[in-house]
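Following are the structures in question.
Two complexes are shown next, each including chain A; its partner changes from chain B in the first to chain C in the second.
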Partner chain A sequence: MLKSLNFQDLRKKAGSAIDHRVRIITAGMGLDELRAVVRGDPPTEKPNPRYKVHTTSFLFHIRPRYYEKGSTILSHTFRLGFFTAFFFFLELFTGLILMVYYTPSPGAAYQSILELESNVFFGQLMRDMHRLGAEAMVIFTALHMLRTYLTGSYKKDRSFTWLTGVILLGITLGLSFSGYLLPWDQLAYWAVTIGTSMAEAAPIFGEQVNLLLRGAPDIGAGGLLRFYLGHVVLFPLLAVLVISIHYYKVSREHGISLPAKYEEGNVSAEVKKNAKSRLDFIPDLLSHEVFLTTLGLLAVVAGIVALGYSAPLESHANPQQTPLDTKAPWYFWWLQGMLKLGDKSVMGIILPTILVLVLLAVPYIDRNPHRSLFKRPWAVSIGILSVILLIVLSYMGLPTYGIEMPAATRIIQDVAPEEGPGPLYEVPFDQLQPGVYAVSENPPDELCPQIDFGCPVFTEVFHGYNDDVIHASTAEGLEPYQQLPNAEAVMVVEDWQNDLRKVTMRITWDDVESGESTTYEKHVFIHRNSGGE
Partner chain B sequence: MTDKPDQLAEKRLPINRREFLNLAWLASLGFLTLDIAGVGYLFAMPIFKEGEFGGVVNVGTVSDLPPAGSPPANYPKVKVWLSNTDQGAVALYKVCTHLGCLYNWNNQEGKFICPCHGSQFTAEGEYIQGPAPRSLDKFAISAVNPQTGEVLAGPTPGPLPLDGLPSDALIQIDTGDKTQGAPKS
Partner chain C sequence: MSRINVEIFLGIIIVLLTGGMILAYGINEQARMEEYKVAQAASAIENGAAIFDNNCKGCHGVQGEGVAGLCPPLNDRFFFTERMKEVGWTGTLEDYIISTVAGGRLVSTRPEQYPGGGKPAMPSWSEQFGGPLRNDQIRDLAAFIMNWESTAPDRETEPSLAGPPVGTDITQELPPGDAANGEALATSKGCAGCHVTTNNGPAWAASAGQPGIGDRAATRIEQDDYNGAATSAEQYLLESIVSTNAYVVPGFAIQMPANFGQSLTAQETADLIAYMLTIK
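Now for the complex of A and B:
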């Protein structure tokens, strides 16, 4: 009896029982092994228990056992694929939280966003993170694709991976665009109206597609619900499915591509061997991923808190009134630019479809076996040209390009836009001194000398307005619609109510064609709490 | 090299009963998928009710209309600009033919201008300039005797001449009958 209660023996037994339990939970690693991992020691047993985890645990089964050392060089991947996935999971997480407060109906959606921003702890932060994450996900998807293209990583074994990647690009845009409508503000409503109208350009079935998307001839309750369900169910499910396929190919089949110089460059066998040596997932890649995740979270929060990114929210959607300068989301500006160039169905549907097909087929078109930049002059120059073309087209998609907005409307819209931020709205309320300020060749350097510190912000805004009017009135070589002959203009600030001021901008000029005196004016109301700080 | 396909062809076995039945089974699965797609399409396709947008709307009598040559009148509920021109009345669908924004009447310039991409149209809905592919779409418009319901003029997509119509005749717009504007030349 006493013998069986030997203290040493008991300790050994307990130790091995605990070790056994730990092995079951970690799917292969015992206590000694865990300690070795933390200490940075090599595996304690053979076969390597760290690889056993990848066989027995589901979550580790879909992760790689190791990557080749050379493929993990930062300047080769820039971790772009990792961050794309990171933002996807950030979107899932913040999106789930936002869903708690969001109601997908035209009567309640906007209200629920206001509620979220003003009356929920960290509500605004969650929405900003969700929006910033969405923009970042689009950017990182595109950059990841560009990197893959430039390093020639889509060749041979990886051609199908590239194909799933292009599908993921489409899904990412779908996710982002379907979320655009949900706040139900003017920005959302009209950007999505424009976006779905592009679908209408498709020959034969265009109108049907548009009806299916909108649920009615115009976007309404049905359309909002459709976009919502697409955003929270359909696209995320598709994304999880395709990401799994895409990622499994990388993690379990072909790994991350080695930089071209190790594969076909003139390097010694030893360097090559070193580049192909293994960097194990446990613990090296895993701890690096944890580090990148926290870095990503820090960057997103810093972007919001320190750099001041905030998700835009305009006034409530009004299906009866299209605001000036309405545009599609920025990642569709290239499409808008193309639409300005020609026929809607050629530019809006046929060319983009060809583009997508070419993108899908890149690995099958490009038969050049080399991966080094210098051995693929055609592929690289086409890639760079496409990027430049995309940027130029995006610029042409801006509302300031190629749209003949009458000068007076343009000038006042620039000072005080119908929707969104504008210089006048940034002026601190106290600097907005009541008075009549007339546009002249030599405007005063300081608009309100009666205040001790003057009104620098307001003065700057007024000078911008002043210079624009003088330019349109006197400059040579302007198009007729840009001219304001004999222009006279004022900006009037009145006290309207307690803490509410009315700003009137009025421009009078002689019409270019008829010579008649013409007036354009606009009133803006600014409340003490609505303006700049 | 060249005789390989022949070898393959020789080796190819004739279709047997199981293969045929399996292929028929796969084909029927294909038809089932098509069925489901068709049902899904019909299920998701919205249906419009009479009287809503898409139905016939009274916009008032002839005497209610703004005089010829005056700025067009806005009928927000039915998405129509009613323009009374020298040739008669036209009911313009107030959605720009470009990308679906709502264009507005610009009184200074005397034309419709779309705020999104700057397409411009005359009061009659004719294309002037901008990225729009065609002139504005028009709804069929008709004049009806208010007592008997007898159709006095129209329905026509073009201008409905108002001369000779009694001043109490009802003007009706059929928002289900849309005619596309002429493509720009």
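Now for the complex of A and C:
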């Protein structure tokens, strides 16, 4: 009897000691409470220990205690803000790992990327994740802003939150753009050269701004170091600071906006009451966030492993040679498109600055108190028009739009681009049979009948080249720069070295204006193992 | 089931799925890295080939076969097996190539055989020493040159002539020349190395107010300081090729190999002259 009493006493004592420890670690929740949380049961004690966590724990202190049920509807937020933050943390995590392997100097940067990809376990995966996450973060930031705009969530006490959000959009672009240069390949070098040259267009102090950004008239060691430090110190610090303000406003001050229909729609009081009922952070919102995190990770990993996304890497940066078809990062194409429309400083600096100011001031300009789509036709149509305009301008920013590249250069660039993948690089090495292949009206159906398996891929590539030349030579109604009168063209494949072949493409034509015979020629070397560029 | 249960259930499946994909990726990682290295080496060779084509073929031959009496071949067995011993190089051959390309050669190590392009015998190519190439480009170039090893021919052999050599008689009647073939010979016989690519010899193209070699050949023989024996433009060019000491253009030293009379056939010489006459 005594014995069993002692045992029960001990058990009780031990249980309460463990419970006490657990309460310290969880900042307020005991063992029973934890069990109830996981099982989805109601709180076991009063006052609700799940709220206590929010007062005692720093990390939970900055999280919301609850959101209104109606504001968490998937079709209202699409979790866009959550995923923007998710990608920011993914970038921090992968970025810290990549930093270990990276050297920010022109002589070593490119080599360090090659070594990361060829000599570090999961090195390529980390780089791919970092790049994919960066693109996704820009996309989700933009979509998040569009959603906030369309649901009218920037109004009243959320106007300052909108303003910090616009600043965060700028910081996100800054983060992405500053990271663009770091691989120090041709893609990076020229995209950033184009991007920073827009700053040059600024009136009065443009040259100084450019010098400040690049560290010299052209991007070199100084510019790379500036972009690196901006990418790993300045912009992340700014981002953490402004995200803190932005997020704290949402989580602790005004919450996520309710869909307009619950605020101003014609719905019953009961529905309204239900929409305003609380959805607690512990356990509902927290478990949902963990779930979304796993989903986000799956999407990124699947994008790389299953769908084969790979961060591009072109050849080593070469300030002496501008590759054809150079373009800015995609989120600046609209700016390039605008630059094609008019004066550099008006289109490149003054208009975009006005645009940013207008964006910052949206809540203060738009005094319409309603939030429903149907009660603010002007705001919604301006929003939709802006999106369409942005897409059209981005298309106009592409190097293929409005730039008159001579036909011969264009044709050969299409077959074998200076940088990046191209049809010629996809041809299996064994199909690239040495020989002289002349362009004619009726090219042979099979280029290499001498080999058993033929060369279907090479034949297709040659036919593409053949047809382009014939089209430029004979088609009516082409612009002068697209014409190749009396064109004669060949593609010559030579054995050059062990496992190395040289492909020469030569087009000769009579110049449209002078009538003189003109030749454009390009040599490409292809190695058996290069697997494309 | 509540939403939390569903999310926990789905979340576990997703984590397993993600983990499985990372595992599958990880299993293949060693092979992927090997493949990347191979592709990287291949792409270095491709880059090196383009750099060689742009900068080196003028002196060392289109295919690295060298130019007799000017620059040594880089694609023969001797280069890969004996050259390091000859110069007493203690590093690897690749290092030797990189070092030579980067720093160039002030004087030739084999002045009788391969005097090179004057002074310096070979210019320095590295950016660090005032040349145009970055270090990674020089490494790529070395990778390209090293790739000749597996196919390097055993000995440096003089290509056998297709006919009797032209000799040194400048009054002989040459067969009709083919300018297009002459253009190819200008590169393969190494003429372009000094007369087109560099200015070790008088430039063929029109330069410094002077017309091209085709016009100059006719006016040269009328100049007062001309002390050769030619009486026509064709003869002047033939004389300049086969009898290099007969007349040296002022401002240039005699560097041109004197053995072209033995190493060219009459037809090849005629082709070359026909080509030179087209450069006005």
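The rule we apply is simple: the second predicted complex is superposed on the first by the 522 of 533 C-alpha atoms of A that agree within 3 Å, B and C clash if a C-alpha of one lies under 4 Å from a C-alpha of the other, contacts with A are read in each partner's own complex, and residues count from 1 in each chain.
Rule of thumb we're sticking to: a residue touches a chain if its C-beta (ideal position, glycine included) is under 8 Å from a C-beta of that chain, and two chains touch if they have at least 3 such contacts.
Keep in mind it's a predicted model, so treat the numbers as computed, not measured.
Peer 1: Overlaying on chain A: chain B and chain C, fit or clash?
Peer 2: Chain B and chain C fit side by side in the superposed model.
Peer 1: Just checking: does A:Y520 make contact with chain B only, chain C only, both, or neither of them? Give me first, second, both or neither.
Peer 2: First partner only.
Peer 1: Given the touch rule stated above, what does A:L211 touch, chain B (first), chain C (second), both, or neither?
Peer 2: First partner only, chain B.
Peer 1: Answer with first, second, both or neither: which of chain B and chain C does A:A361 touch in the superposed model?
Peer 2: neither
Peer 1: Identify which of chain B and chain C touches the larger number of residues of chain A.
Peer 2: Of chain B and chain C, more residues of chain A lie in contact with C.
Peer 1: Kindly classify A:D343 by the partners it touches after superposition: chain B alone (first), chain C alone (second), both, or neither?
Peer 2: After superposition on chain A, A:D343 lies in contact with chain B alone.
Peer 1: A:V290 contacts which: chain B (first), chain C (second), both, neither?
Peer 2: Only chain C is touched by A:V290; chain B is not.
Peer 1: Using the superposition on chain A described above, determine whether A:V380 touches chain B (first), chain C (second), both, or neither.
Peer 2: So A:V380 meets neither chain B nor chain C here.
Peer 1: Can you pull out the angle centred on chain A between the C-alpha centres of chain B and chain C, to the nearest 10°?
Peer 2: The C-alpha centres give an angle of about 60 degrees at chain A.
Peer 1: Between chain B and chain C, whom does A:D325 touch in the aligned arrangement: first, second, both, or neither?
Peer 2: first
Peer 1: Touching A:M198 in the superposition: chain B (first), chain C (second), both, neither?
Peer 2: It touches chain B, and chain C stays clear.
Peer 1: How far apart, in whole Å, are the nearest Cα atoms of chain B and chain C in the superposition?
Peer 2: It comes out at 5 Å between the closest C-alpha atoms.
Peer 1: So chain A touches chain B in one structure and chain C in the other; where do those two contact lists coincide?
Peer 2: Chain A residues touching both partners: 320.
Peer 1: Please give the residue numbers of chain C that touch chain A in the complex, ascending.
Peer 2: Per the touch definition, chain C meets chain A at residues 2-5, 7-8, 10-11, 14-15, 17-18, 21-22, 24-26, 29, 32-33, 36-43, 45-47, 49-50, 53, 63, 132, 134-137, 144, 147-148, 150-151.
Peer 1: Going by the contact rule at the top, pick out the chain A residues touching chain C in the complex.
Peer 2: Of all residues in chain A, those touching chain C are 38, 40, 107, 110-111, 114, 117-119, 121-122, 124-125, 283-284, 287-288, 290-291, 294-295, 297-298, 301-302, 304-306, 315-316, 318, 320, 496-500, 502, 523, 525-531, 533.
Peer 1: Along chain A, where are the residues that touch chain B in the complex?
Peer 2: Interface residues on chain A, with respect to chain B: 190, 193-194, 196-198, 200, 208, 211-212, 215-218, 222, 320-327, 336, 339-340, 343-344, 399, 402-406, 511, 518, 520.
Peer 1: Any idea which chain B residues touch chain A in the complex?
Peer 2: Contacts found on chain B: 41, 44-46, 48, 53-54, 76, 79, 98-104, 106, 108-109, 114-118, 120, 129-131, 133.
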